[in-house]
Structures are given as structure tokens and as C-alpha cells.
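Order of writing sets the labels: A, B, C and D. Residues in every chain begin at 1.
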Amino acid sequence: MAFSVAVAGASGYAGGELLRLLAGHPEFEVRTVTANSNAGHPLIDVQPHLRSLAHLTLVDTTPETLSGHEVVFLALPHGKSGELTAHLNADTLVVDCGADHRLQSEEDWAAFYGGDYYGAWAYGVPELPTGSGRLRDLLRSARRIAAPGCNASTVALALAPGIRAGVIDETDLVAVLAVGPSGAGKSLKLPNLASEILGSANPYAVGGTHRHIPEIQQSLRFAGAENPTISFTPIIVPMARGILSTATARLVPGTSAAAVRAAWEDTYADEPFVHVLPPGHFPRTADVLGANTALIGLAVDEAAGRVVTITAVDNLVKGTAGAALQSANIALGLPQTLGLTTNGVAP
Amino acid sequence: MAFSVAVAGASGYAGGELLRLLAGHPEFEVRTVTANSNAGHPLIDVQPHLRSLAHLTLVDTTPETLSGHEVVFLALPHGKSGELTAHLNADTLVVDCGADHRLQSEEDWAAFYGGDYYGAWAYGVPELPTGSGRLRDLLRSARRIAAPGCNASTVALALAPGIRAGVIDETDLVAVLAVGPSGAGKSLKLPNLASEILGSANPYAVGGTHRHIPEIQQSLRFAGAENPTISFTPIIVPMARGILSTATARLVPGTSAAAVRAAWEDTYADEPFVHVLPPGHFPRTADVLGANTALIGLAVDEAAGRVVTITAVDNLVKGTAGAALQSANIALGLPQTLGLTTNGVAP
Amino acid sequence: MAFSVAVAGASGYAGGELLRLLAGHPEFEVRTVTANSNAGHPLIDVQPHLRSLAHLTLVDTTPETLSGHEVVFLALPHGKSGELTAHLNADTLVVDCGADHRLQSEEDWAAFYGGDYYGAWAYGVPELPTGSGRLRDLLRSARRIAAPGCNASTVALALAPGIRAGVIDETDLVAVLAVGPSGAGKSLKLPNLASEILGSANPYAVGGTHRHIPEIQQSLRFAGAENPTISFTPIIVPMARGILSTATARLVPGTSAAAVRAAWEDTYADEPFVHVLPPGHFPRTADVLGANTALIGLAVDEAAGRVVTITAVDNLVKGTAGAALQSANIALGLPQTLGLTTNGVAP
Amino acid sequence: MAFSVAVAGASGYAGGELLRLLAGHPEFEVRTVTANSNAGHPLIDVQPHLRSLAHLTLVDTTPETLSGHEVVFLALPHGKSGELTAHLNADTLVVDCGADHRLQSEEDWAAFYGGDYYGAWAYGVPELPTGSGRLRDLLRSARRIAAPGCNASTVALALAPGIRAGVIDETDLVAVLAVGPSGAGKSLKLPNLASEILGSANPYAVGGTHRHIPEIQQSLRFAGAENPTISFTPIIVPMARGILSTATARLVPGTSAAAVRAAWEDTYADEPFVHVLPPGHFPRTADVLGANTALIGLAVDEAAGRVVTITAVDNLVKGTAGAALQSANIALGLPQTLGLTTNGVAP
């Protein structure tokens, strides 16, 4: 008997990806899909790629339409989840794909987002190491889960092993990400137009202003950092989805290349969705398109004294909807891999 | 009376771009175009976008076909220029777009390229600061010029002002570049196929192995560095041409943001082709497509303690053919801007 | 108990897509993967997106390595299947994704392909109408199946309903296809390079020379045409996969728009993988990326006197590997939808 | 002494391209640039690729700001030019890049555009054949010129030679165009978002509804057609700019392939910007990127009984701004090629 599911924000890209994954999940049944301006329309008119869900019609996003389901996924703009979830039953599993419940620091929330602060939920990156285990442990009994920011979780997964093992300098981290524009959603702004992005690489949020920075720092603190700092620069490139993160860190002097590799491989040895590639191998985003996989390539640049990690993630899957689904699986006692694939759609 | 010009390697991307620029140059007349396997064919069959040069036919690349011109541009694979140029008249201006004559260190050459070493020529990045002036000064009387590597010159232009002013730590440099595949030329290798690159971001030469690293270090030494080290990672993204470099450096403690900005603005204040954008502005590669311009956006990330530079360059123009042409203008006593534009083709 | 499967040509794009689909199929177990120059390497080195098949190693493509499986899929270059399959057991289900066994006319084979002719097999487009039913009927007991050409099946599905119903003129058909380069495979030729394709639309095989033309004509004869002729032009556009076919036909005078719509809707009313969209709706290739779906939009242009069909297909799925798998399902008595999805990966 | 120029609508894509071309034109000096919501901002903030025009500031679009110039280019949304131009001096050369003054038939205007009809101006496709010559003849003394629609002029140039020579059937024309999204301007609509267009081919205005259809018919009547009909389908593909038109027509029975080729070659033999390629050669849009060239490839498909033309145009240059500039050159008695190039930016 499948769990009954509602998806709020079903007309957006994250909502659409949630639905694509849920449609292939054997233990979830999508009963309700909600939207804002598109309420009243058939889902298929707004998400024409979701043929198997052609029977669904979008309804308004309200506590009433969302109530009565065992699982509610929220894929709403930032600032919209907090008020809504107060009205949902405490026993309902609620997974928020927005930022509203990610940050444990109200100060960080105020500095990078602003507006009302609704508190942090269990953070939906199961593989992230903590002092005593993995974040997965906190998800097992959770009924409120915050799915991660796509860029934040990618960089955190990339660097956490080095922090955990004490082989990199937490104050000398640099991450540059090539990212597809779908992370910006369907926002009708000039920089999101195809003509602006095709044939060009476009930076944004340069110089320490990106909202995912405190989220990365929080994750690295989970892994053992005290006061990590990171230079973080995202570059929009002409691919619809995908993140390729180049995250480098200064090597703690005296650390061997073997110790570095061991740190990463040990951290993710048992993880089905995070793979450290063999020496000399580095991932492409095409390798993870549509998959819930994070692939990490690792090199030690002796001359520069730095560890270099290359991490490929599908921002809509492992970065958002897949992370949400994997976390929901864990919270509900299902196999965490259910309804998710490790195989990318390439080429 | 125009200078007579030969272009060797006219069937490749760099050669084609040289010809496109030369076709619009009022003081150069292309008389000879050479190729290897395409010799004997009309140029227009191989470079169908160069309609105004439809009268030219490709001939073999030999000392004989190249002799008798006032200017010879070489756009040959690495290792092919050295032997050839020994046979050219010493009075002929020879501009090599390959790597053969870029590196002053035979040791670096052996470590990163290998094969015979033919010595360094005047380096064709006129704007690069030196202790006493600019590299331009060395180009004025040169008859042998090495056009730069596209990635190397982009990163060097981005970071040299900070080195020159002593406001960044030369041992803590990190550069990640989003680059188009045209830099790899027409090489028939699997990673260059469209199906491999479309919809994906693909790293290569990760971990300190890229051949442009010693060239960057050499340029930074021109600017005053002693023993600079840099972590350098290029990422192929789905745009035919363009480089967007994110180059960051640890700020020397105590340096003000104003001092940082002054370092960059002072360095390029008089340069027609290198522009430092106002605070808060960052370039896109589309802004420089087809132009000989390098646009630099600059930020100081106080929290991370780093300077962040974003630099956009067209790898085939300012990165290669435009640099070659600009350098030739200087060597011949022509206005350096002749035949070059600062305006990009966007969108 | 799953069927044992071998895939020949597992290192190419079609072979990779077969494996991606097979990895998610509950009744198939891939035991053997073969290649040519890549034999001896782990599959994951060549197809790094297929993480769940990391245990497989490529072996040589020989009758011996392929024997002993219940199902053999061939994804070999044209001309390579014919000789090989003569050595396979007659009881083995063999599905060829190449062209060798598609054409019933040896004359067509000689004119468009040349080389040895090995005869036609059951044609793997189950939905194509025939005088008495569907091609599916011929697949039920087949042990030799020819998967279709991607362009050919797309155009045939688009136009067959009009031929079947007699509402379009079989001598006045025009199809123009926007196609991704993955259809050309991993062939190392200049026109397949990313730099040639990014930012450009490139025609090929213009003027009636494309090899899929006789295959289209054959399919339309299945549907009732006598001597159909078609102007067929493929255009390579910068997307890795996908076909968007615009196929138009002169309307038989006196035919109402309602009769046209009825012809298409009736033909595919019961098909799970071919959908005729409502009036005013037209598909995008993103809607079918990774899916086994063909989406058809239909309009009648009264002023021009033509029916216009817009059909979106993923060339590697419904156009090749999905068609192969769907046909194998049918031949083996499995539900035809097993292991296949109707939902695309968008955006 | 250069002509003084104003450009209205300078913040859009067409306006930006006009400015890029004007910046390189030796006889035009841009004095005024106007916009709507961007008035008051430096041009460089809105068009960051136009470095050489960094001294200009956008002002409001009014009769007052546009008056006092010898040439006014309008790049305004449809419906905005008509009222404005009534206030401009009759001696001023006004070139409208919008649709307001293209159609000679008020009935067509009402059917395809609607709103006030302001009458037709001289049509800015100089090469189009007329009964007695070329449209160029009407431009020589014109002071009001309507630049063409990009799709319309591309298809008209492709098919007019066959109409003129009587070798194709004017009632059996089919055109399918792969087009970049820049033709849609900076309109903030969902279908224009990068995420919608990257990796996908998207049709629009299917079934005879596109506004350029009457404009094509009008052009073909100039060339001698009586009542031409055309099936016209544009497909948005993931390239910022460019049009690749596949326009086919039924061959008049008994026409030889040589007669077809002669019709096209004769028509454009003396044209600097329209080239008919040799047999077997077909253009790519990359070949004309940034150029004012229309390249036409031609084939006769004997089996299908159709002429197939493949035409590549840069929608923003030969399709819009270049056509406007070329027409202005003619109207002012300047060489028509001034400030325009035939060389594309490739790759």
C-alpha cells in the first residue's frame, strides 16, 4: 500500500522533477499537485514531459489541499514554506525543497535571506559525515526535513571528507561551479533568457554574496570544521541542468596523497549515491544527468599544495528532488535507493 | 601599401580566426595560406565562413611557400613551428600562435611539452606589466613573437595587477576556467565530439598538469612574482568559443578593498583592450565574442580573505589570433588597435 | 528468473542507451557486453554514466561471446550485423539496432547502403499501422527483429495515419528534421566536433540522399501507400539527443480538419508510447528526453492546403534502444511497457 | 563628414546589433540612443558588449529625442513605430526594423497583426527580384524604409529565383526554419527561458499562423507569383542567433536541374551579400554569424520532384540590422557594402 503524497509547487522545475521521480517510485502515490497561478490547469499542460501523470490537475497551494497526505513535498519559492507548514499535521512527513528550514543560524538567515525565520529542520544530505556518524542518522525518525541547496550540498559533499580527516585547511577553501540555469527556476528575468545564456558563460553572486555560502559552512561544521571560510563563485553555463564543482583546499602540510585519497574513499565507501572515482578519473555532468549520484574526482596538486575535487551532480536530482526523495525514503524506513537511479542519461 | 602576409595552418580554428581578422585589416594583404592535408583545396571549402577570401587556395606548408612575405603568422600544432622558422628570413616578422616559443625555461618546456626546445620569443601579451613597464615595450622592435596560450594569458592578465602591487599572495592562487572547445582545435578525439560536450560540463587536465601553468607562472614573474604557484583547472562547457576565468588569490592581510581596486585599475588604465569593470559588474563571454577585449570584474571577499577576478576573453581573438595581430601591429609600428574591435557579438 | 542478455557494440551511444534501459528492466540481466577496440576495459571506463553496471568488462564481439544468451542486442556499425548473426542460434532473440536487416528491397539496399544484403527482419516499430493491424502483430513470435532508424521511424509514425486513412497525398510529402548529433555515433569526423555544432544549425544529406528515405517509404507502404515519395532533410542542431520532425503533406482536397484529426487519433488511441496531442499543442524534444514516447502535434493549414505534423522523439530511445527493448518485450511475451518510461527528463 | 544617427529601441537585441554595426561604419556617427524603461542608464550597462559606445547614455524614445538626426533607425516593438514616425521630418531617412510598415495589404495587417495600419514603406531586401529589376531600385531615393522580418526575408530570398524563372510551383511551397531565440527579443516569457530551450527543439506558430507568412507571399509576388501559398514552420533551436531555412518547392514538370541552378545563380550573380553555393555545398548558420550574408545551397530531388534550398542567415544581421544598414547605405548613395562584412564568426 503506497504512501499518499502531495507536491506543492508542482509547476516549477523542482516540483516537476519531484513528480518525475515520484512517478517511478513503487511506494509513493501522488494524489495532489498544487500551484499558484497555474491552479485549475491540467498538470500536463504545465509539465508536458510527465505523460504518466496526465490525470492530475493542479489545485491551489493551501493547508487544506495539502492535508490528508502521509507525505508532503514542498517546492516553493523561499519564504513560502515556513508559514504553510505550521498548519500541517505533525505526523505528516514534510520535505521542504526551499531554503526556509536549512539554516540553524538565525543570524545567517537574516544576513543572506532576511524575512521571518522559521528554524532549521533535519538536513537532507544523508551522506554528510558528522562527528559520530552521518546526517542520515538524524533523518531516520524525522517528520520535518529540509532538502539541501544544490550548490551547497555539492560543495559540502566534495570537501567534507578532507575536513573530517583533518587533511585540508578549513580557512583556505575555494569553489567555482559551472551550473545550469534550471537552478534559477522559471523566474522571468533577463539573465535567465536563452539568448543571454546560449554561447556564453555568465557569473553571478560573485565575491561572497551567494546564499548557499552559510549552508556550506554549516555542513562543514557538521563534518568537524570550527570556523570554515570559502570563496564561492557560481558560473552559469549553457546546459539546462547540472553542476560541476571545482572545489580546492590547501593541503595541510605533510599530508601524503595517499592519506588524502583515503580520507575521501573512507568517507563514502558504503554510500550508494556518492562515488569517489579512481585516480586520474574525473566526472562530467552528463554522467549524472537524471541520476541521484554525486561523482567525485580527486587530485592532489603537489606544486600548488592543494587538493582539487571535481564533483558532478544533477542540480534537480541529487541537488534537490532526489535528495528529498532519498531523505523521505530514510524517514519512512524504506530502502534509501527506492525510486532513484545511479545511472545518468548520456550523451 | 599593405604588408604582404602568409598564414601557415590556415585550415584550423586559430588560422581561420587570423584570416577573419586579417580580412578586415586595412594594412595587411593575405597572399598565401598554407595547410597540410587540405593543401590544394580552395580555402573557402575548409573555411566556408570566410567569403571575402574565396579567391585563395591552400598550398603546402614549407619554407618556400612562406618566404617572400613581410609577415608570417604560424598557426601550427605544437612542435611544428620551431624547425620551420629557422628557414625564414630574419627580417620577416614571424608571429607564432603555437607554444613552441613561449617558455623561457627549457626545463619547463621539457616537463610540460617535451621534444626539441627552440627558445623563447617576445611574448605577445602587450598589456602585461613588467618591472619597468609593459611587455609591449619588447614587442616594438621584435621580428619573432610568440602569441600566448589563451588560458595562460587570460589568467595572467587577471592576476598580474595584484602581483605587481603586492596585494595578493603569489603562493595562494586558484584559477578555474570555463572554456569552449575551439581551443582544442580540430583534433578528432572523442572528448571533442559534440555529443560529449553538449549539455555537459567536462573537466580536463585536473591537478596541476595543464601545459599553460608554467606560462602563467612566467607571466606573473614578469609582473614581479618570485616563485608563484597556482592551482589551475579548465572546464569545457558547451559554447564554441570563449573563456571565463575565475581567478582568486589570498589577499595580503591588511590590504584595503580600495587598494585592490586601485591596483587593477592603475595597471590597465591606458589599455584599449583590457578593461576593469566598475564595482559590482562582471563580464560574460558573450560580451567579448569576436572582440580583442579582455574584461575583468573584480571583487574582494572579506569573509574568505580573497580577491576574486572574473575575466572574459574570446580564446580565438584576444587569446590567440587577436593577440597575434595586435602584437604584429606593434612590431610594425602600426596603431595597435588596427583591424581589431572592442565590441563583442552578443547575444 | 530474468532473461540473460548480451549487448554487442556496448561502447557506442546506442549500446550505452540499451544498457541504461536494460539496467532498469526487471526481467533482463545483462551478462555480456562486447566492443571492438575497447574490449578488455571495464564498461564503466567507456560509459561512465552507467554506475550500476560497473561490474561488467567489455569483451570482443564474436559469435562465441554472444552465444549462450537468451537475448542478443546488436548495436554495431552498418554492415557488421549480417555476417555475425548467421552464427547465432535460431532460438535466440536477436534485435539489431543497425540498418542491415531493415530493408525488404535489395534494390534499395544496394542504392542507399551497398555491400552484402542479408535480408529483412521483422521491423521494430510496433505501432505502425498495416492493412490488417499493426506491425506489433509480426513481432510477437519473432526471433529476429530489426530496430528502426531513428529518423525513419519518427517520420513514418508521423505520416502513417494520414496514409492509412487516405487523407494525404502520398506523392507530396515533405519532412525536415532538427536532430541531435548523437545519431551519428562516436564517429571521429570533423562535422561531429563540438566546435562545428555548437551555436550552429548544420544540414546534411540534402536533396534525397539520406539512407532513411527508403525505410520511410517502406513503412508508409505498410500503412497502405503504393509509391510514396518524400522530400527529406535532416538538420543537425546543438542538442545531444532528440529529433523534432516537421512532416507535412498535401491534404486530399475536400478532407475536413476533423477527419484529419480523427485519422491520427484513431491510429494511436490505444498506444502507450505514441500520443497525439490536443489541438493547438505541439511537442518539444525535451518532453521525450530519455522516454520511449513519440509525441505528435497536428495542425491543418487550410491556406496552404497541407497537414502539418510535429513529432518529438528521443533518437536513442524510441528511435533506437527503446524501440529495440519494446520490441523484445513483445517478442518475449512481456508487457511491452516493461522497463520503459513515458516521462521525459525536462528541463 | 559622417551622417548623424539616432537609434530608437537601443536596449533590445535588434537595437544592439544595429549599434554594433554602426560602431564599425565609417560614415555614420551614433549621437542618440533611446530606450523605454532603461532611459537614463549608460548604454554600456544594458549592452555590455558595446565597449566602443561606452560614452552614450540612453534617453527616452520621443519625437524630440529622435529629431535633428539625418538617419533614424527604429528597433521598437510592433505597433510602436507608426505613430512615432509621423512626427519625424520627411527629409530624415527613417529605417524601421519593426513590422509596422512592411505589409502593403491592410487586410493582411489586420489578419496577422491587428491594430492601426500605417501603410507600407520601401521594403529593405535589396536583392529581391522584381519584374523589372531588384527591390534595390526602390530604395535609392527612399526616405522611409521597412527592414524585413528575418524569417520572411530568408525564405523569400531562397524561393524568389524559382518563382522569377517559373521553375517552381508557387502553390506547393514548404519552409521549415531552425531559428535562434534572439529573434524573439528580450521578451520575458516562459518559452524564452534558457532552461526551456537548452537541449531541446521547440516549435511555435505551427499551422499557418506565423506573422511572416503574408510578408513572404508579398515578396514572392514582387518576384512574379500571383497567389503563392506556403506552409511555414519555425523551430526554436539552442543557438542564440541564426536561421537555417529549408525551403522546398515542387518542381515544374520537365524542368532540368541545370535550369534550376541557372535560375538561382542568375538571380544573385551580381549580389555581394547573397551567394548561391556550388552543387553539393550547403551552408551552416555559423558561416554567417555576424555577417550580412545569405548563403543558399541548392539541390534538386528528382525522386521527390522538388527543389530543396538551404539558406543560412544571421537573423540579427542580414535578417534585421544588416538589412537596415545596407538599405540605408543605398538610400544615402553610399556603397551598399559599407560597414558590413561577408565573413562569419566561426566556429
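The rule is short, and it goes like this: contacts are C-beta pairs under 8 Å (C-beta built on N, C-alpha and C of every residue); 3 or more make two chains touch, one makes a residue touch a chain.
Note that this is a predicted model, so its numbers are computed, not measured.
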| item | value |
| --- | --- |
| Interface with more contacting C-beta pairs, comparing B-C to A-B | A-B |
| Chain located farthest away, centre of chain B as origin (C-alpha) | C |
| Separation of chain A from chain B, taking each centre as the mean of its C-alpha atoms, in whole Å | 38 |
| Gap in Å, rounded to a whole number, between the CA centres of chain C and chain B | 45 |
| Chain C residues counted as touching two or more neighbouring chains | 13, 182, 195-196, 198-200, 238-241, 283-284, 286, 289, 346-347 |
| Pairwise touch network: line, ring, star, complete, or other | complete |
| Contact set on chain D toward chain B in their complex | 13, 16, 20, 23-24, 47-53, 182, 198-199, 240-241, 275, 281, 283-284, 286-291, 293, 295, 341-347 |
| Chain B contact footprint on chain A (complex, rising order) | 171-174, 176, 178, 195-196, 198-204, 206-208, 213, 229-233, 235, 237-240, 242, 244, 246, 248, 250, 282-286, 289, 297, 299-306, 308, 310, 312, 346-347 |
| Partner chain D, residues of chain A touching it in the complex | 13, 180-182, 184, 186, 188-190, 192-200, 238-241 |
